[in-house]
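Read through the structures below before going on.
After this come two complexes, each holding chain A, first together with chain B and then together with chain C.
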Partner chain A sequence: MNVLEIQGLTKKFGNFVAVDNMTLNVKEGEIFGFLGSNGAGKSTTINMISSLLQPSAGEIRILGKDSRKHSRHAKTNLGIVPQDLAIYDDMTAYENVAFFAGLYGLRGKLLKERTEEALEFVGLGDRAKSRPSTFSGGMKRRLNIACAIAHKPSLIIMDEPTVGIDPQSRNYILESVKKLNESGCTVIYTSHYMEEVEEICSRVAIVDHGKIIADGTKEQLKAIITDVKDLSIELKPGSAYSLQSIGKIPGVRAVNEKEGRLSIQSDAAVDNLNRILKSLMDGGAEVKALQEEEPNLETVFLTLTGRSLRDQ
Partner chain B sequence: MNVIQIAFKEMLLSFRNRRTLFFMLAFPLVLMLVLGTALANAFSTTAAMDTVRVLVQDQSSGAAQQGFAGFRAEMEKSGFAFTDFKPGMDGAAEVEKNNYDDYAVVTNSGIKLYGSDRNAVASNMTQGMLSAYADRYNAAAAIGAADPAKAATAFQPAPSGGYVKELSLDLDRMPGSMDYYAVALTVMIALWGAMSAANLVNSEIRQGTAARLVAAPVRKGEIFAGKVLGNLAVNMLCVLVVITFSKVVYHAYWGDNLPLVLLVLLSVVVLSTSLGLALSYLLKSSASGGLISLAVQLASFFGGAYFPLGVVEKNSLLGIAASLSPIRWANMALNNMIYLGDSTQVIQTIGLNAGLAALLLAASAYMMSKREGL
Partner chain C sequence: MWRDIWWVAVHTLKNTFRKRSSLLVYVGLPIIGVIGSIMLYGSAGQQVLRVGIANEDGSAVIAADTAAYVSSLQHVKTTLLSREELKKKLASADLDSGLILEKGYSDSMAAGKPEGIAIQSVKGQTVTAYIKGMLNAYLDNTAAISRAAGGDRAAFDKLYADYRGGGFKLETQQVADTSLTKAMSVQSIGFLILFMMTAAVNLSEIILKSREDRTYYRILSSPISARSYVLANVLVNIAVMVVQVAVALVALRYVFGVDPGLPIVQLGGMLILFALVSVSLSLVIVAFSKNSAVSGAMSNFIITPSCLLAGCFFPISIMPDTIRKIGDFMPQRWVLQSIDELQTGDTSRISINLAVLAAFALVFFLVAAYKFGRNNDTKTFV
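So, the complex of A and B:
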C-alpha cells in the first residue's frame, strides 16, 4: 500500500519552476531517502506534502486521499521534523510536546501518556521539565523529533534531522528512526550525509532541477553506475602529491582526500591505474594500500547530477 | 478547543518573557510613581502660605482708626500678623531686609502700601485685603455723610459666609498627579499591546514553529483567533494588574464606574492588537516592530502619557498630532467620565476603537488567508 502518492506535482514561483511534474510513490513501512542538492526542489516538495505550500499543479495523496480535499485527514496522519528547530525556548520539553500533540486532538490522560512516551523515545524523559534553552544541540534535535511523533503519525517527514550535532546524538537519532520504522511508521528522510541515507534508507530518490532523476533501492541505484569505478588509495603519513595532477589523468572524474586516503572516481572503461600510481610516486608519495570499491550512493549522486552532495 | 490551546500558549510564553513583564508591568508602575511624585505640585490647586507679616504705621484717627483696628483684628484670624511701627524704624528698609512682607501707612485720607517683589504673593494678598477694606471704609464714610444714623451699621463686620455664595467654580474632585498618571500610563500600556501583536506571527516564523503549526490539523483561522485572543488576554491582565496596583498602593482615583473604565481600556487593547497584526502583515518584515514602537511612542507623547497636554488648539501641529493619538481619545474620555460623570465621550471612544479594530482585523485575516504558511 502506498502511504504517499505524488502525481504530476509542480510548483512555480513566478517563472521559476521549483518542482517540475514530479511523480513519486512511498510505500508503507519504507524509510525513503530523498536526496538532492540545495535548490533541487527537495524542500519545496516536502513543504507541499506538509501543506506549507500549495502546489501549482498535480496531486498529493496521503493514505489514498487527496491531501487538499481531505486536508485534516492528511495532516493528522503526517508528522514533520523540520530542518530548522521548531520548538519554543520558553516552554519546557513536556509543554512543547504536549502543545503540538494537543493540536492533533490528543487530550487528558492520553495526551499525558503520549507526551511522556515521545520524550522517553528520544531519551529526554528525565529532562521533561527543563527548557530547551538549557539543552545541547543534539537534545534540541531530539525534542524536535518528539514534537512530531507524539500523535503517532503514519508518515513522518524528517528534513535533515542530524544537522550540526555530535556523533553520539546522530547515532541516537538514526537508531530512533529505525525504531520508529520498526513500529510501523513510514519515514521520508533527507540528509546531506550520504552514509546516513546508505545506512537507514530502504529506497532512495534523487532529485535534480525539480525532477526525480533516479528512484529505487540502494542496490538498484548502484546498478545504474556501470561505467564508473571507485579507487581508494591509502598513503603513508607525510606523502606529497597533487590532486590537480591526478584530476588531469584521462578517465578520472573526481578526486577527494580525507585523512590520508584518496578517493578517486574514474571511468571504468579507461585503464588508468598505472598512470595514477605513477603520478603519486613521481610526487614522492608512498602508497600504503590500494582498493577498488563498489560504487556507493555518493558515486551514484555524483554521476547523475555532476555534483557532490556534501559540497553543496 | 484549538483556539483556547493556542491562546493559552501565547499567555504562557508572554508571562515567561521577562521583557514583557518589565515593559507591561514594572515600567509603567515605576514611571507612575516617579512622574506622580515629581509633578505632584503641577497638579495641586492649593498653595500653602506662611503668615503674612505686615508692619503698620497707623496715623489715622476717629472712625478711620476704629475701622482699621476692627479690620486688623479680623485679618489676624486669617494668617496676617500686624506689627506696630516704632519710632526710628524705616518701614521700606525693613521690607527690603525681609523682616516684613509689607509696610502699610494708614492715614485718614488713605493707605499707602510698600510691598516686596521677593514676596509677591503675600504682597498681592495684603494689597487685595487693604483695597477691599478701603472700598468698604469709603462706602461707609459716604453713607455716614448722607445719613449719620446708619454709619455705625455700615462699619459693622460682614455677616459670616460673606455676601457671595460660591456654588462650583472648581470641580468637586480634581485629578492629582498620581490620578492623572494612573489613567494615562494604563492607557499607554494598553496601546503597547500593538508591539507584542506585531510579533505574534513573526515570532512563529523566526522560531520555525510556524511550519509545525501550519502542518497540524488546525485551520489558519483558529491559529489567528487563538493568537489574537491570547494577546488580548495578556494585555488586559497587565492592565488589570496596573489598575489594581495603582488603586491599592498609590491610591489613584479611578471613579465610580470601573466596569466602563475597563471597557474603554479593553477597546484600546483590541485596537492595539489589531493595529500590530495588520502592520506586521502589511510590512512583512521585522521593520514592522520598529515602526510600531515609534508610532506607539509618538502616540504616548502626543496623547499626554508623559505630561498633560491640557487644552490644545485644534489646528496647530500639536493639536493635529494629539487628535490622532488613541491615548488622547481614551485619556479624555476616561477623565471626563471619572471627574465630570460625562460618559458621552466614552461611548464615542469605544465605538471608534471597536470600528477601527474590526477593519484592521478583517484586513489582517484577509492578508493571512492569501499567504502561504502563516
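So, the complex of A and C:
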C-alpha cells in the first residue's frame, strides 16, 4: 500500500519552476531517502506534502486521500521534523511535546501517556522538566523529533534531522529512525550525509532541478552506474606523481588526492589499471595499497548530477 | 476548529504570562497610567497661597481690617512681617505674594482716594489674581462708604463702624467641582488607550515572532489552519484587553475613588469596543510587517502620534483647530469624545460615535484579512 502518492506535482514561483511534474510513491513500511542538492526542490516538495505550500499543479495523496480535499486527515497522519528547530525555549521539554501533540487533538490521559512515551523514545525522559535552553544541540534535535511523533503518525518526514550534532547524538537519532520504522512507521528522510541515507534507507530518490532523476533501492541505483569504476590507491609518504598525467590516461574521468590516497574514477570498459600504475611508478611513487571501490550513493549522485552532494 | 483555537489560545496565554514582566506590562501599566493622571491633576485647585502682609499703617482700623480680611480668605495662609523681610521671602520663594499697606493707607481709604496698598510677587499674575480680585471687592465697599460720607471723617467712621458691626461677612460655600475629576478620568482613559494599543501590538507580534523562531510553520503543518492560529491570537488579545480595562477602571473608581462622571459599565463597554479597534489595528500592523522589528517601529510611528493628536495625553480643547480636525480621524478621539459627552449628559451623538468606532474596527479587520490572504506563502506569511 502506498502511504504517499505524488502525481505530476509542480510548483512555480513566478517563472521559476521549483518542482517540475514530479511523480513519486512511498510504500508503507519504507524508509525513503530523498536526496538532492540545495535548491533541487526537496524542501519545496516537503512543504507541499505538509500543506505549507499549495502546489501549482498535480496531486498529493496521503493514505489514499487527496491532501488538499482532506487536509485534516493528511495532516493528522503526518509527523514533521523540520530542519530548523521548532521548539519553545521557555517551555519545558514535556510542555513542548504536549503542546504539539495537543495540536493533533490529543487531550487528558492519552496526551500525558503519549508525551511521556515520546520523550522516553528520544532518550529525554529524565529531562522532561528541563527547558531546551539547557540542552545540547543533539538533545534539541531529539526533542524536535519527539514533538513530531507523540501523535503516532503513519508517515514521518525528517528534513535533515542530524545537521550540526555530535556523532553520538547522530547515532542515537539514526537508531531511533530504525526503531520507528520497525514499529510500523513510514519515514521520508532527507540528509546531506550520504552514509546516513545508505545506512538506513530502503529506497532512495535523487532530485535535481525539481525532477526525480533516479528512484529505486540502493542496489538499483548503484547498478545504474556499471559503466564506471572507482580505484583507490594508497601511496607511501613522500611519493611524487603527476595528477595531470594520470588524468590524461584513456578512460580516466576524474582524479582526486586526499591525504596520500588517490581516488580515480574511470570507464569500467577501459582496461587502464596497468597504465595508471606505470604512470605512478615512472614518476617515482611507491604504491602501498590498491583497491577497486564498490560504487556508493555518493558516486551515484556525482555521476547523475555532476556535483557532489556535500559541496553544494 | 474551536477546540484547536482554544488549545492554541491557552498555550499563548500561558506562554505570555510565564514571564512576570508580562504582568507588569499588561496589567501594571494601566494602573500606573491612572496614578500618573491623578498625580498630574491631583494638585490642581487645592493650592494654598502663602501671602506675607507688611502693615506699615500701625493700628489703624482699616489697615487691620484689610489684613484680617485677607487672612480670612480660603486657600490663603498669611504671615505678618516687615517690608524688608517680605522682599527677602518673596525672593527666596518662601512666599507666593506680598501685600504692603503703607502708612496713611487707612486715611486715604476714609478720604475715598485709596493709596498706599500694593501687591508684590515674583510669580506674576497666576498667584496675585485671586488676592487682587477678593481685595477689590473689599476696597470697593470701603470706597462706597467713603463716597456716602461725602468727605466727612466722622460720618465715615460712623458708617464704617456700622458696616463692621452690621455683620458684614463674606460667606463662602464649597460647590462640588466635578470638572477636575472628570478631566482626570478622561486623561486616565487616555493613558489606558495608549497602553491598550501597545499591548495589542505586542500580543499580535507573537505571530511574527513564531514565524521568526519557525514554530509557526511547525504549527501550520499540524491540523491547525493559519486562520485558526490568527483567531486564537485575536482571542488572547481581546481577553488581555478586557482584563486591562477591568483592572484600570476598578483602580480608578474603587481604589483611587475618582468618579469618571458616567456609569462604569458604560465606560467599560465603550473601552471594550475600542479593544476591538486596537486588536484589528495591531493585526494590520503585523500583516504589513516582515518581522517583529518592523512592526515595533511601525507601531511606534502610529500609536504615540495618533494618541497625541486624539487628545490622550492632554485635553484636545487646548489644541489648534487644524490639529483637532486631524484628531477626528483617530479612533481614540471618538472614545474620548463619547466619554466627554456622556459626562455632560449629552447622549444624542453616542450611537454615531460608537458606530464610527465599530467601523474603524471593521475596516482594520478587513484590511488585515486581505493582507494575510495575499501572503499565502510560507516564505512570506499565512
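The criterion applied here is as follows: the second predicted complex is superposed on the first by the 268 of 312 C-alpha atoms of A that agree within 3 Å, B and C clash if a C-alpha of one lies under 4 Å from a C-alpha of the other, contacts with A are read in each partner's own complex, and residues count from 1 in each chain.
Going forward, contacts are C-beta pairs under 8 Å (C-beta built on N, C-alpha and C of every residue); 3 or more make two chains touch, one makes a residue touch a chain.
For clarity, every value in this text was computed on a predicted model and none was experimentally measured.
Aligning the shared chain A places chain B and chain C in steric conflict. After overlaying the two complexes on the shared chain, residue contacts for A:Leu53 are found with chain B and with chain C alike. In the superposition on chain A, A:Ser245 makes contact with neither chain B nor chain C. Applying the stated contact rule after C-alpha superposition, one finds that A:Thr10 touches neither chain B nor chain C. Contacts of A:Ser154 after superposition on the shared chain: neither chain B nor chain C is touched. Applying the stated contact rule after C-alpha superposition, one finds that A:Gly105 touches each of chain B and chain C. Of the two partner chains, neither chain B nor chain C is touched by A:Asn25. The interface of chain A with chain B overlaps its interface with chain C at residues 47, 50-54, 71-72, 75-76, 78, 80, 82, 84-91, 99-100, 102-105, 147.
Residues of chain A that touch chain C in their complex: 47, 50-54, 71-72, 75-76, 78, 80, 82, 84-91, 99-100, 102-105, 147. Residue ranges on chain C touching chain A, taken from their complex, read 3-4, 7-8, 11, 15, 18-19, 213-215, 217-225, 376-378.
Here chain B touches chain A in the complex through residues 1-2, 5, 9, 12-13, 16-17, 207-209, 211-218, 372-373, going by the rule given at the top. Residues of chain A touching chain B in their complex: 47, 50-54, 71-72, 75-76, 78, 80, 82, 84-91, 95, 99-100, 102-105, 107, 147-148.
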